[in-house]
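By letter and in written order, the chains are A, B, C and D; residue numbering begins at 1 in each of them.
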Amino acid sequence: MNTYGDKFRLTTYGESHGLAVGAVIDGCPAGVSIDMEAIDAALKRRRGGAPRQEEDRIEWLSGLSDGITLGTPIAFSIHNRDTRPEDYAHLEHLFRPGHADYTYYMKYGVRDHNGGGRASARETVARVVAGAIAMQLMPEVSVRSEALCGRSKVADDTVGGMVRCSVTGVAAGVGEPLFGKLNAALASAMMSIPSAIGFEMGSGFAAARMKGSEYIDRWNSDGTTKTNHCGGVQGGITNGMPIEFTVAFHPVVSLPQPVECLHENGSLETVSIGGRHDTHHIERATAVVEAMTALCLINYML
Amino acid sequence: MNTYGDKFRLTTYGESHGLAVGAVIDGCPAGVSIDMEAIDAALKRRRGGAPRQEEDRIEWLSGLSDGITLGTPIAFSIHNRDTRPEDYAHLEHLFRPGHADYTYYMKYGVRDHNGGGRASARETVARVVAGAIAMQLMPEVSVRSEALCGRSKVADDTVGGMVRCSVTGVAAGVGEPLFGKLNAALASAMMSIPSAIGFEMGSGFAAARMKGSEYIDRWNSDGTTKTNHCGGVQGGITNGMPIEFTVAFHPVVSLPQPVECLHENGSLETVSIGGRHDTHHIERATAVVEAMTALCLINYML
Amino acid sequence: MNTYGDKFRLTTYGESHGLAVGAVIDGCPAGVSIDMEAIDAALKRRRGGAPRQEEDRIEWLSGLSDGITLGTPIAFSIHNRDTRPEDYAHLEHLFRPGHADYTYYMKYGVRDHNGGGRASARETVARVVAGAIAMQLMPEVSVRSEALCGRSKVADDTVGGMVRCSVTGVAAGVGEPLFGKLNAALASAMMSIPSAIGFEMGSGFAAARMKGSEYIDRWNSDGTTKTNHCGGVQGGITNGMPIEFTVAFHPVVSLPQPVECLHENGSLETVSIGGRHDTHHIERATAVVEAMTALCLINYML
Amino acid sequence: MNTYGDKFRLTTYGESHGLAVGAVIDGCPAGVSIDMEAIDAALKRRRGGAPRQEEDRIEWLSGLSDGITLGTPIAFSIHNRDTRPEDYAHLEHLFRPGHADYTYYMKYGVRDHNGGGRASARETVARVVAGAIAMQLMPEVSVRSEALCGRSKVADDTVGGMVRCSVTGVAAGVGEPLFGKLNAALASAMMSIPSAIGFEMGSGFAAARMKGSEYIDRWNSDGTTKTNHCGGVQGGITNGMPIEFTVAFHPVVSLPQPVECLHENGSLETVSIGGRHDTHHIERATAVVEAMTALCLINYML
C-alpha cells in the first residue's frame, strides 16, 4: 500500500537505488500558490547531516501552473543522483539483523539486497514534499516538533530517541468517532515512519499510572483546560487545545561495527554492512513526523 | 466511520441507551463452524465486574445456518436491557471533564448527554463478538493479553493501566510495507479503543534509550532471534517471532467524586456525575484489546 | 461486496430464505425526520403483484429516535415470513439455465440451491428502504421512472423490458471527472440490479448513429439546452438539465414451463422449477431503479 | 477521482496541455517481464489518425529493472510535445455545446478553456499504457474489440459509433455478487471513457424484447451454453463463456463547422472552435475500451 489518505491522497513511488522517487497527490484544491522555499527547507531538514548528500531537485510533472495548483493531480519526481548499489553486493545472500531484509523476503520470496528498495528511508522524501504542500493548505495551523536523543552518542554505535510534536491552531471538533479517531490516525501515520516503535498522546504511558482525579483536564470557563494530559483529543475529536503526542524511534539498525548476519543457507556470518548510514536519525525524523502530521490532519480538515 | 477492515469488514451500530447494539460482518468465509461458547466467554470477560450488568444475548439475523457461516454477511443484534437515561438528566447542559461530551458537541453541534451514545464503551460489545469470530478463522494463532493496573486502587478515585498483548502462531511474512505496515494498523486498532492513550511495539519507548548494538535482535540460525525488542515486526511485516505490544489506558474519567463541569453558558458547576461506572477498566480492556488484535490480523491473513 | 457508497454507505445483509434481511446505513446526517409512509409506499411498489406476498415490517434497531435520525448508523431488519425452502429441494444437484446457480458454484464451490440466498431479488428490499431514506435527504430532487414491457405477455413464458428514469432538481456541477463520473456511477448502480443487462444515458445507443450536428445539445441563453441527448451529464458532471437514462432488463429467467437443467454429473434434465416467481418484473423494477438512483446521487450530494 | 481499481490501482495525472501525462500503478506483481512493443502497439492504435500526432515516448520512473517488474509502484511519464494552447484563446469566455466546459465551470468555478485539461482524451494515453501492462499479467486472456461506425462519414460533420468487445480465456467463477458485480464494474469502466453514452452485456437492449424462453442460454453438457445472450456473466460472475459487451459512443462534439457557443454573459455567439480534432473516434476508442477491460478484469483476477 503506497497510498496515504482518502481526501488528500498521496501515492508515492520509487526505489532507493532506482532512477527517481516521487509521488502523485490527488485531492489538492485549486488556486493555492505553493511556496517552493518552504518545501526546500523541509527537504533540507530531512537530509540533515545524512551521509548520502543529495540535493533533492523536484521536477513538477503536473498539477501546477506558475506555481499555483490547478486542482488536478500534482505529480513530481526527484531523480536519485548518488546511488551506489555496489555498496551492497556483499549482502546478496545475507539477512542483516534489525532490518526488513528477512521479512520482505518471507513475504515476497525475492531478495532486495541493494539498499532497501522501498523500505529505505529514501522514500520519505516524497512524504516531506507532500507534507509541506499540505501544511500550506492550513495556514492557521502550526506544527512544531523537537528531537530528543535517547542517549548520548557513542563511538561505533547508534542511538534512537523520541520526537515530541505539538500542533496549534486546530479548532475544536476535528476528528471522527469510533474507527476514524484522529488519535488512531495519528498513531498509524507515525508508526508508518521507518524506525518508529512507540506512540503516545499527551501524557501517554505516564497517564496509565495516574489516578483519575490527577488525569482529567480541568476546565477553564472558556472551554480550554488547565492541563492537557489527553493531548488535545477526546473521543477521537479535537477539543481545541494543542494536539500533543510523542513518537519513539528505535536506534539506527545499520551499525558502524561488524554484525552477525543470517546467511540464506542458515549459517551466521559476521560482516561490516557498509553503505552510508547515520549513527543517529532523530533530528532528521522531525521533518518526517511533521510531514506525516500535516498529511494526517489535512485529510480531516478538507 | 463505523466500519473497520477491508477484507473482514466490521460495521457496528447501536447507541448505548438505544434499542440494541450490533454489527454486520462482511467477508467472513463460508463453512466455518462458529463456537458460540467462545463468543460468550469473550463477552463475559468484557463485562467483567461492570456495574451495568447485562447478560449479552446475541440474536443472529443472517449469515449463519446451524452455527455454520454461509459466506454471506453475518448480522447480529444485542438488545440493551438495562438503560437508564434518567441517570443523565442533570447533565443536559453540562460538559464533563475528560469526556467526549464537549468534542462531540463542537463537531456535531448537538448534545448527547444521556450516556454516551456511540462514544460509550457499550459499543465495544460488537467488536468483541466480531473479534471472537475472527479468532476462530485463525486456529493456529493465539492471542493472549494481561492487564497491569497502573497503580493500586484508592477509594473515591479511578485508575488506568496497561495491557500487554502477545500473539503467537503468525508466520513470517504477514503485513505490508509503507502505509500498510502491520504495526501501524495495530497502533490504529488499539488507539480506537475508548481510553487508549499510548501504544508501543516490543521494547517501545525503552528502545528509544538503547544503543543500536543493544537493540538489534540477534539471529539464531533458524531465523528466530535471541531477543524480541522489535516486537515481531520489521518494516511492517512479521518476522515469525511473537507479535508483542503494549497499550496504555488512561484512568476511568467518570470519577466517583464530585467534579467541576463546564456549563454551556460558560459557568463552572461542581456535580456528582452518577450513572454506573467502573473505577477501573483494565481487566475488561483485555477482551477488547484481544478482539481488535484479531480483527486487525484477520484483515492481513485472509 | 455488500456495501454501496462511500459517504452514505449502505451495507445489506440477509439470505432470501433466512431469518431476516436488512441493512446498516452509515453516514446519514442527524436531525432528519423520516417519513415512514414514504418508505412503506416504496416497499409496496417493489412488492408489486409478486407471488411471494410478504408485508415488509421494518424493525428499526438503531440510528433513530422518535423517527428522527441521530447521525449514528441506522440499522434495520425485516423478518422473512413466507419462506419455503422445500420448493427448491428437487434442484439440489441441478443448475437452472439463465440463473446464477452455476456461476456461484464455480466461484464459491458450494451450492445454494434453496432460493437464491443473496442472489435473490429479496435482497433489494433493503435497497428500497435505504433509497427511500436517501430520497428524503434531497427534497429538492425528484426521481421518476416508468416501466416499458419489452413485449406483450404470453402464457407460459416471461417478459423483460426497460425502465426509463428522469431526475429533476439536481443543480449543475454535481459529479466528478475521470473515474468518478456520475454517469459511470449510475451505470454501475443500475447494472448491480438483478436482471439488468443494459444502460444508456439520454439518447444512448441512438446517439451512436447521429451526426455530431444532430447530437450536440444547443444552448438556450440561460444555460439550459434545447435538447437533452446527453442525458444531463457532460464529462461526468451534471449540466442542470434532467438526468435521463434507461435501463434494460432481460426477461425473468424462472420460466413457467419445464426447462432443461444441467445436473452436477453432466447430464441434462428437464424439470419444472417451481417456487413462486413473477412472469414479468418491470413494474417492480422501477422501485429498485429509483432506490439505486437515490443511493447513487446522495453519495455525490452529501 | 483519478484512481481506478483496488488491487491493481492506476492513478493517472497530467493536463492535456501541460508538461506531461502519466500514471502510477500500484499492485503490479513482481517478476513480470514487460513487452514494451505491445505497449507501443496499443499506443499507436490509440493515436489512430489523430490530428495531434505525438509519438508517445514513455519515461519509466520506477517499478521496473531491465524491463522486469519489481513489485513496487510503476511510475511513468509521457511528455506532451505538441501543445498549442493559443488554439483555444478565443474560447476564454465561451462554453462550447456538447463539451464539459460548462459543467466543469459549474462544479469548480474556474474556467479551463485551453484544451480540456483533464477532461481531454489525452488523459487516456495513461490508461492504455496501464491496460497493456495489465493484459500481460493475464496471458491466458484475450481481449478483442471491433469498431462499428454509427453512420457513413460526411463532410463538415462528425460521427460516433459502437465498440463490440469480446473477452475469451476467463474461467467461470470470476466476479462478485451484489454491488461488486463484474458487469457493473465493466459498465462503470466503459462509461468512464470520454464520449461513452451506452453499455450493454450480451444481447443487451435486444434481450429486453425477448420472451424468457428465447433469452435463457441453454446448456451443453460441458457447462457451456448454446447461445450467449447474457454475455458470459450471471449474477455478476462469469460462467466461462466469452464476456461480450457493447459500448455506444456519441459523435465527436468538436464539429468542423461553426457552432453556437454560450458566452459567460449569457449571449450566444457562433464561432469556429478550431484546435485539432478528429471527425470520428471509434477506431481509436477500441484501444481505450480494451485497456479499460484489462484494468477492470485484472482487479478481479489478482
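The working rule: contacts are C-beta pairs under 8 Å (C-beta built on N, C-alpha and C of every residue); 3 or more make two chains touch, one makes a residue touch a chain.
Here the structure is a predicted model, which means the values were calculated and not measured.
Farthest chain from chain C, comparing Cα centres?
Max centre-to-centre separation from chain C belongs to A.
Mind checking the centre-to-centre distance between chain C and chain D? Centres are C-alpha means, answer in whole Å.
Using C-alpha averages as centres, the distance is 26 Å.
For chain A and chain C, let me know how many angstrom lie between their CA-based centres, rounded off.
45
Could you grab the centroid distance between chain A and chain D? Build each centroid from C-alpha atoms only and quote it in angstrom.
About 37 Å, centre to centre.
Two or more other chains in contact with one residue: find those residues in chain D.
In chain D, residues 1-3, 12, 118 touch at least two other chains, as defined above.
If every chain is a node and every touching pair an edge, decide which shape results: line, ring, star, complete or other.
It is a ring, because the chains touch in a row that closes back on itself.
Quick one: which chain pairs are touching?
A-B, A-D, B-C, C-D
List the residues on chain D that touch chain C in their complex, please.
1-4, 12, 95, 97-100, 102-104, 106-107, 118-119, 123, 150-151, 154, 157-162, 171-181, 183-192, 194, 196-205, 207-219, 221-223, 225, 229-231, 233-240, 248-253, 255, 257, 259-262, 266-268, 279
Which residues of chain B touch chain C once you look at their complex with the stated criterion?
Residues in contact with chain C: 1-3, 9, 11-15, 18-24, 26, 30-31, 60-63, 65, 70-75, 77, 108, 110, 117-118.
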